[in-house]
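Structure incoming, see below.
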Amino acid sequence: MGNIVEVINVSKNYGDIKAVENISFNVKEGEFYSLLGPSGCGKTTILRILGGFIEQDSGKVIIDGKDMKGISPNRRNTSMVFQDLALFPHMNVRENIIYGLRKRKTRPAAIDKKFKRIVDTLGLSGFGKRPVSALSGGQRQRVALARSLIIEPEILLLDEPLASLDKKLRIAMQDELKKIQRKIGTTFLYVTHDQGEALTMSDTIAVMNEGKIIQTGSPDYIYDYPDNIFTADFIGAGNFIPLSSVNNNGQFLSIRAEKGGEFRSASRIPHSKSLSVPVFFIRPEKIKIGSNNPENSNIFTGTVIASVFEGPDIRFEVDSLELGILRIEIKNDGTPPGINKSGKITFYWSYKDGMVLFR
Amino acid sequence: MKNRISYGLGIYTVLFFIYIFTPLILIFIFAFNRGEGYVFPLQGFTWRWFIEFFRDSLARESIGNSIIIAVSSATISTILASLLTIGLIKGKFRRPHLYITFLMLPVLMPSLTIGIAALVFFRTINFPLGIPIVIIAHVSISMSYVFLIMMSRIEGFSLSLQEAAIDLGASWSSSIKDIVFPSLMPAIVAGWLFAFMVSWNEFIVTYFLIGNNSTLPIYIFSQLRFGISPKVNVISVLVALFTFAVILILVSAGKLNRRISPV
Amino acid sequence: MSTILKKNRNLAFPGLLWFLVFFLLPLSVILIYSITERSLISGEPVKFTMANFVQVFQKRHYLIILLRSLRISFFTTVISITFSYPVAYFLAKNTRHDRILIVMLMIPFWINYLIRIFAWKLILSDNGILNQVLMGLHLIDEPLRIMYTQTSVLLGLVYTYTPMMVLPLYASLSRIDDSLIEASLDLGASRFRAFFDITFRLSLTGIFAGTLLVFIPALGSFAIPAILGGTDSVLIGNMIENQFNIVGNWNAGSAFTLSLAALAIILVLSYSRIFGLESIYRNRGI
């Protein structure tokens, strides 16, 4: 499988604002590729450059081996699902969906066939004559997808298409989007600020901040091995323990927290800029509660200052004298964790969990 | 308490409508009254004024001119104003508000001044008075109103609709034709009706610019000087019947459920 | 920048060009007339003067007409606001048949206003319908003299332009969220206070838009005073017409015309400082 999209050193400024700064990435054919980052980090700008609605100041966009310079949106083999969906209000569902085919002068018989196939795939059969104003949020979403997919684009560009849905529908639509993508095999380039969305659907995620891509990888890799604080903090939850020293003794890192706690880690030190401050990062669910002292783990004690029951999980906030305040998350498996009346607990984590990052 | 207030308001509204419609009803009655004057008691039914009206070639010509002027000025004005609105609000302009303020000037001054300016301007460049100049002046008067009507609705039009059309393969011009204009249709219809109404009623500007021709208001005004013949009332009856027919068609087509109040 | 926005921008040019050639240019031409002596076409050398403007404000006769026009159009506006507010309120808040009633309200506009004004002449004249009814009922012995006075002009202006006030008022009132009023009633405001603090204040933009549609045409009216008025009810419009059609002095006429335009713009702009000019187009009423 080759790269269907190559973005090479693309930059775009709005006056003094660097919306996109020297960005490069590749998308493989058939991939579900997500750009994930906070609002204002330049995601929409990249997507609109790929769609041909705006032109980059510098750099190259290559789609299917062709340089896209000067090629207008209606001549690109991309299609965009807009954040506000942009369904044509004066057309019914069918007219909306077949608009692109009509512009391509497709024969009526072929239009009918393709229309039938797409509405069957997306569960929109029987809605053809409805005005788009008479649809639910999820249905409008599907009409927007169908309208773009029916013209068989090589790449579907999606700009936070689920942002306006309520939470339950959003989660249902995530699963559905992924299934649809598998079924039709079109490359999806998906933009979102919602890490949960990106983690559940994507094959590859590019994490963005302030106009730059700062890490790329599969969802589990990015979750488990963030290589910078921003990614670690933006995706999932994390504990960040400020450190005073980190020494490599060959086998392990010997680490000393600012509050005095000493512990070990099996991770590597990533390269750092000089003057940057080391921080130990560990996910709340990697910390276990108990005093059974397994091998190769760091053991500390602390006081529970808050606990939150979340159904499948229980979350604790623990104040440890040697480390500071930590979040711990354990599975709710019915057996109560060993916490005595005073709230004192012992907790531990394995040398292989967590890593040193630099601020 | 609340009910009593809305009851009172209801009665007031009925009285208001009676006030608005009484003069029209009088006109209707006298269009069918046999007597020459306008005095009660009535003197019996007649078609005489209808016959006299249709025999009056000046009246027919005036109505024809009025229709030509109103339809052309409303159409030109609506086309220019809707393009202007799309261009200014959905196009790249550095200071759209500067233009908007300027374009409001005609709304802020009596139409008489626009008529005078047109009269002096066209006489100075030695352009003959007549129907074309009247149409031009009516466009200048109504274009800003139509522009305002369009402005109040175009804010609800998202540029992504146009982008979506182009993304799906439409050219820029067919995105305007397929998407932008149809989405703005209610405002365009409202604007056209308003412009038509302005032109249809306009007297003073036409009076200055029409030259030797006549329009309905001019015809009526000239009749008023000698005491008006009841045949003039026939015009109102015909216009009212026509309006009622249009309203009935709109109502039965369910179009009035949407917001297309003509102003 | 996006090529779509650039292409869209070009659509504005025909309208802007029209505005330039058929509005701004003619206006500049009368500006030139108003500050010169004699006709530009006559071929004589042009002499600049302010005399045309000075006489507008110096000759007692002109000043009286100017003030009268202002007074009559002011009263027209105030009366039309008072008349139409309850109707607009009823249409916006108390009925579900508002659309069809609004359309009905527009019917008179399709019938030429000169004919409607003529009907008022029938009603108001000495042997007109009003006097016939009143004398028939023996309420009066002598016919009331209403025609050819400032009162008849005022009645005619109010009748003609009041529906224009109803529309924007209705639009602004129907946009007010009822829950706002209920909330303020919940908070203990009296119905009266709730009306003034919320409903009335939010409808001010409608009043403003309506004022534009009533005050300005009334200020520049010609036909209504010409038909219903007498010698004591000549307005600026009639005076300007007189300058062009009878006196034939284009320079003075241009000065009068520009004074009228400037007066209208200054009044409306100072009035609009209260509301902001945008409220004109934000208001769906016009």
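The first chain written gets the first letter, and so on, giving A, B and C; residue counts start at 1 in each chain.
The rule we apply is simple: contacts are C-beta pairs under 8 Å (C-beta built on N, C-alpha and C of every residue); 3 or more make two chains touch, one makes a residue touch a chain.
These numbers were taken from a predicted model, which means no experiment stands behind them.
Participant: Between the chains shown, work out who touches whom and classify the graph as line, ring, star, complete or other.
Facilitator: Its topology is that of a complete graph.
Participant: When the mean CA coordinate of each chain is compared with the mean CA coordinate of the whole protein, which chain is closest?
Facilitator: B
Participant: Give me the two chains with the most inter-chain contact pairs.
Facilitator: B-C
Participant: Counting in whole Å, what is the centre-to-centre distance of chain A and chain B, each centre being its mean C-alpha position?
Facilitator: Here the centre of chain B sits 56 Å away from the centre of chain A.
Participant: With chain centres taken as the means of their Cα atoms, state the distance from chain B to chain C in Å.
Facilitator: 16
Participant: Calculate how many whole Å lie between the centre of chain A and the centre of chain C, each centre taken as the average of the chain's C-alpha atoms.
Facilitator: 59
Participant: Counting only residues that touch at least 2 other chains, which ones in chain C make the list?
Facilitator: 1-4, in rising order.
Participant: Where in chain A do residues touch at least two different other chains?
Facilitator: 53, 72
Participant: At least two other chains touched by the same residue of chain B: list those residues.
Facilitator: Only 163, 166 qualify.
Participant: Which positions of chain C touch chain A when the two form their complex?
Facilitator: Listed in rising order, the residues are 1-4.
Participant: Over in the complex, which chain A residues touch chain C? Could you list them?
Facilitator: Per the stated touch rule, the residues are 53-54, 72.
Participant: Using the touch definition up top, name the residues of chain B that touch chain C in the complex.
Facilitator: So the residues of chain B in touch with chain C come to 1-2, 6, 9-10, 12-13, 16-17, 19-24, 26-27, 30, 38-40, 80-81, 83-84, 86-88, 90-93, 99-114, 116-124, 126, 136-137, 139-140, 143, 145, 147-149, 151-153, 159, 162-163, 166, 172, 175-176, 197, 200-201, 203-204, 207-208, 216-217, 220-221, 224, 228, 232-233, 235-236, 239-240, 242-244, 247, 250-251, 256-257, 259, 261-263.
Participant: Please name which positions on chain B make contact with chain A in the complex.
Facilitator: Going by the criterion above, the answer is residues 158, 160-161, 163-171, 174, 178-179, 182-183, 185.
Participant: Which residues of chain A touch chain B once you look at their complex with the stated criterion?
Facilitator: 51, 53, 72-74, 78-80, 82-84, 86, 88-90, 99-100, 103-104, 147-148, 151
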